[in-house]
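Each of the two complexes below includes chain A, the first together with chain B, the second together with chain C.
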Partner chain A sequence: MRFFSALKGDIRYHIKYGFYFLYMFISALYIIGLFMCPYEYKGFAASIIILTDPAMLGSFFIGGIWLLERQEGLHRFWGISPLKPLEYVLSKAVSLAFISALSAVLIVAIGLQETHNYLLLTASVFMGSVVFNIIGLIIASYARSVNHYMLIAIPPVTLLTVPSLLTAFGSIHPLLEISPGTALWRMIGYSLGIADTPVLWVWGVQVLFAALGLYYANCRIPAAMQTEGNQKA
Partner chain B sequence: MGRTMKLFQIGLRQIAKDGMLFVLIPAPFIVGLAFRFGIPLTNRLAEDMFSFSFSPWYGLVDGFLVMLTPLFAAMIAAFLMLEERDEDIGAFYQITPVEGYAYLTARIGVPMLWAFVSSLAVLSLFRLSELSWSTILSSSVISTLTGISMSMMVVSFAANRVEGLALSKLMGISFLGLFIVWFAPAPYSFFASFLPSFWVGKVIMDGTHIIAFALGLLSCAIWIAFFTRKFMRRI
Partner chain C sequence: MISVQDVYLKYPAAKDDTIQGISFTVEQGEIFGFLGPSGAGKSTLQKILTGVLRQYRGSVRVLDVEINTRKSSFYENIGVDFEFPNFYGKFTALENLRGFASLYSAKIADIMLLLEKVGLHHDADKKVGKYSKGMKMRLGFVRCLMHNPKLLFLDEPTSGLDPANARVLKDMILEEKTRGKTIILTTHNMHDAEELCDRVAFIVDGKIQAIDTPHALRQSGDDTTVEYSFAKNRQESKNICLLSELGASEDFRTVLDAGTLTRIHSKEQTLEDVFIALTGRSLQ
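Right after this comes the complex of A and B.
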C-alpha cells in the first residue's frame, strides 16, 4: 500500500514537471523520423531509437529528481518516513519505466504501423528501464550537482549502451551478452521481428541486474539519505 | 567588468569542482578527432561492403561538430544557473551589483566566448568537407549564438533543475534545422528557417552568403531577445 502511494506521488510529480508531455512530443518527432526512414531499415531504426532514448530516459532524469529532492530537504524526513528503502527505489524506477514503455509502444504502433509483439515490447522496455533507473539512482546518490551527475554517469551509461549497439550492428561476443543493454536490445529486436528468439539467458541477465541493482540501492540509498538527514530508527 | 569576471571565476570553480572542466575543454577535440578519422574509415568500409558512401553528408557532420561545443557549454551554464536558483543563491545576486545582464554575461556570455574559440579551432582542425575560412567563422558565430539562445531557453522556462533536464532534452531538437537542410528539399526546408541551426547548415552547405549569415544572426537574435525578456521578468 505504501509502495502504491509513493508510486502515485511519483507519477503525479512526473506529470507536474511535464515528463509525459515532453515524451509525447519527443515520440512524435521519432515517429516522423520513422515515416521518412526507408521501409527496410524501419524496424532496426525503431529498435535503436527505443533502446537509446525512451528506455534510458529515466537514467537521465533521475539525477535531477534525486538532487531536487535533496535540495528541498525531503531526504531529511527519511528518518520518520514509513517508506522502506526498497519501496522508495522501486517507486522511482517503476514510475519512470511507465513513461519509457508508453513512449516505446507509441513509437512502434504509429511509426511502424505493423502488428508486433506489443506485450513483449512493453514488458522488455519496462524491465530494461527499471534496471537503468536503479543504476541511475545509485549514481545520483553520489552526485553533488546535475553537472556532476552527468559527468559521473558517462562511464556506466557508456557501458550499458556500447555493448548493445555493437550487438545491434552485428558484433557478436559472449562478453557483450552479459550487458543488460544487450539483453534489452535482443528483447526489443525480437518483439519487432528483427532479432532471434531471446533465449532464457537474456531474461536472466535482466533479472540478475535488477536484483543486484536493488540490493545495492537498498544499502546505498538509506546511507546517502542518512548523511543528509535523520537516521531511521 | 571586474565584478562580472569575479562572478565568472566563482562559476568556473564550481564546474571545476564537479569535474566538468575536464570534459568541457578536451571533449570537443576528442569528438573532432574521432569524427576526423573514424568517419572516413567507416565510409571506406561502407563503400567496400555495401557500395554506399557517406561523403555527401560530410558537411552535415561538420555542422554537427561546430554546434557541439556551444550546446555543451550552454547545458553546463544553464544547470549552474538553475542550481543557483534552486539553492536561492541567484536571489542573493539580485541585490548585488552583478544582477541582471552582468549575471547573464558571467554565466553564459563568458563561457560562450570559450565555446566560440573552441568551435573555430575544432572545425578548422577536424573538418571533413572543404570549408572556406569565412564559412568556418560564420558557422561558428551562428552556432555560438544558438548555444546562448538554448541556455536562455532552459533558464527562462525551467523553474528548477528537474524542469531544466526536461527542457535540455529539447536542446537536441536545435540540431533538427541542420538535418532538414540536407534531407528536406527546398522550398519545404525553409519551414525550419526559424531554427538557427538551419542557417548553420545553409552556410556550411552553400558557403558563406551574406544574406544567409544575416538571417542566421537575426533568428538567433530573436530567440535570445525573447528568452532574455522572459528571464528578466522572472527574476
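Right after this comes the complex of A and C.
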C-alpha cells in the first residue's frame, strides 16, 4: 500500500516537474523523424530510438531526480519515514518506466502506423527501463553534482548501450548476450517484427539485472542518504 | 521511552569518537533538551536516536527497540522536525503534506486545522518554493505532528521564527506534552530550553557535562546576587551583595532607611551562565 502511495507521489512529481511534457516533446520529435525516414528503415530506426531514448533516457532522468531531491533536502526526510529503501527505489524506477512505456507506444503507434505487438513492446520497454533506472539511481547516489553525475554515468551507460547497438547492427557474440541492453533490443525488435523470437534467456537477463540492481540499491541508497551533508558513517 | 547507555560513535573519516560515552534516560511525557554549541555532537546524537546512524557502540533503546535493529515501521511512531526544512518546492504545502501523510498507516490529523494553528491556512495552496524560511519551519513542524507520533524530535524548532510565531510553536509543543508525548528538543537557544524542557543535558565535545532540570542547574554554583542603585551626592551609585545576605547588609539598610534606593534587581544565573561555568564554552 505504501509503495503505491510513493508511486502516486512520484508520478505526480514527474507531472509537476515537467517530465511528462519533456518525454512527450522528445517523442514528438522522434515521430516527426520517423515520418521522414524511408519506409524500409522505419522499423529498425524505431527500435534504435526506443532503445536509446524512452528505455534508457530514464537512467539519466532518475539521476536528475535524485540530485534534485538531495538539493531540496528530502533525503533527510526519507531517512526517517516508514518508506522502506526497496519501496523508494522501486517507486522511482517504476514511475519513470511508465513514461518510457507510454512514450514508446506513442512513437510506434503514430510514427510507424502499423499493427505491432504492443503488449510485448510495453512489457519490454517497461522492464528494460526499470533495469536502467535502477542502474541510473545507483550511479547518481555516488554523484556529487549534476556534472559529476554526467561524468560518472557515461562509462556504465556506454557499456550497457554499445552491446545492444552492435547486436542491432548485426554483430553476434555470446558476451553481447549477457548485456541487459542487448536483451532489451531483442525484445523491442521482436515486438516490431524485425528480430527473432526472444528466447527465455532474454527475459532471464532482464530479471537477473533487475534483481541484482534492486539488491545493490537496497543497500546503497540508505547509505547514500545517510552520508549526505558531508557526514560519513 | 529512551534509554542510552555508554554510547560511542566514530565517523569513519574522523580520528576520534564524535560521541564519547553518553548515558541518559528519558521518561514518557518528558521534554528533554540537548543544549550545546554548534559541533558539540547534538545532531549526531539525534541521528543515533532516530536510527539514522546505527554504527554506534553501547546500547540505545527507543520505544523498546534497540535502535540499530529498528524496522521501517518504527518511523510510524516518531516525528522529526528538521532544522533545515525539506519539501518539494514546486508542490503546494497541502500537496506536500498529503503526499508525506500517505506514507503513514496511522490516522492522519486534520491537516488544515494544524496549518491554521501555525497560521499557514491561507497559504496552504501556495507553492512551498515561495515560502519564507519561517513558513517552512512551521510547515515542517506540522509535518512532524500530522501522524500523531508518540515521540517527537525537534531540532531548533523556533529558528528563523518571529517572536509571535515562536510563541505559537512553543505553546503547541507544551500542548503535545500534555497529551503524553515525549519530546526531544535539540537547541542552542537557552530561553527555549528553560521554558520548555523538564530536563536538559549540556553537551560539549561529544560528552554530557551535566543533566538536570533547568531550575536546578540555575540554582547550582554561585548564589543569586542582588544589585541595587541609590542616590549619593546627586549621583547614582551601585552596590552588589548576595541575596542570602541582603537582610543583614548594613549598607543596604542604610540606603533603605535614608530613602535613597532607586533600583533593585536580583541577578539569577541563566542556563547560559551555568553552561559557561561548567564547560568553559559559550552556547553560540
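Here, the second predicted complex is superposed on the first by the 227 of 233 C-alpha atoms of A that agree within 3 Å, B and C clash if a C-alpha of one lies under 4 Å from a C-alpha of the other, contacts with A are read in each partner's own complex, and residues count from 1 in each chain.
Everything that follows uses one rule, which is that a contact is a pair of C-beta atoms (placed from the backbone, for glycine too) under 8 Å apart; a residue touches a chain by one contact, two chains touch by 3 or more.
Not measured: the values here are computed from a predicted model.
Aligned on chain A, chain B and chain C: do they clash or fit?
fit
Can A:120 be said to touch chain B (first), chain C (second), both, or neither?
It touches nothing on chain B or chain C.
Between chain B and chain C, whom does A:17 touch in the aligned arrangement: first, second, both, or neither?
The answer is both, since A:17 touches chain B and chain C.
In the overlaid three-chain picture, which partner chain does A:79 touch, first (chain B) or second (chain C), both, or neither?
second
Per the contact definition in the header, classify A:194: touching chain B only (first), chain C only (second), both, or neither.
neither
In the superposed arrangement, does A:165 touch chain B (first), chain C (second), both or neither?
It touches nothing on chain B or chain C.
Identify the partner contact of A:207: answer first if only chain B is touched, second if only chain C is, both if each is, neither if none is.
Once the two structures are laid over each other on A, A:207 reaches no partner at all.
For the overlaid structures, how many degrees, to the nearest 10, lie between chain B and chain C at the C-alpha centre of chain A?
Between the chain B and chain C centres, as viewed from chain A, the angle is 90 degrees.
Taking the superposition as given, does A:176 touch the first partner, chain B, the second, chain C, both, or neither?
So A:176 meets neither chain B nor chain C here.
Between chain B and chain C, whom does A:144 touch in the aligned arrangement: first, second, both, or neither?
A:144: touches chain B, not chain C.
Report the closest approach of chain B and chain C over their C-alpha atoms in the superposed model, as a whole number of Å.
Minimum C-alpha separation, chain B to chain C: 9 Å.
Using the superposition on chain A as set up above, list the residues of chain A that contact both chain B and chain C.
On chain A, the overlap between the chain B and chain C contacts is residues 17.
Enumerate the contact residues on chain C facing chain A in the complex.
Touch list, chain C to chain A: 9, 11-13, 44, 47, 50-53, 55, 72-73, 75-76, 78, 80, 82, 84-91, 95, 99-100, 102-105.
Please give the residue numbers of chain B that touch chain A in the complex, ascending.
By the definition above, chain B touches chain A via 14-15, 17-20, 23, 76, 79-80, 82-83, 86-87, 160-166, 169-170, 173, 176, 183.
Write out the stretch or stretches of chain A touching chain C in their complex.
Chain A reaches chain C through residues 1-2, 5-6, 8-9, 12-13, 16-17, 72-74, 76-77, 79-84, 226, 231-233.
For chain A, which residues are in contact with chain B within the complex?
Within the complex, chain A touches chain B at residues 17-19, 22, 26, 29, 36, 60-61, 63-65, 67-68, 71, 144-148, 150-152, 154.
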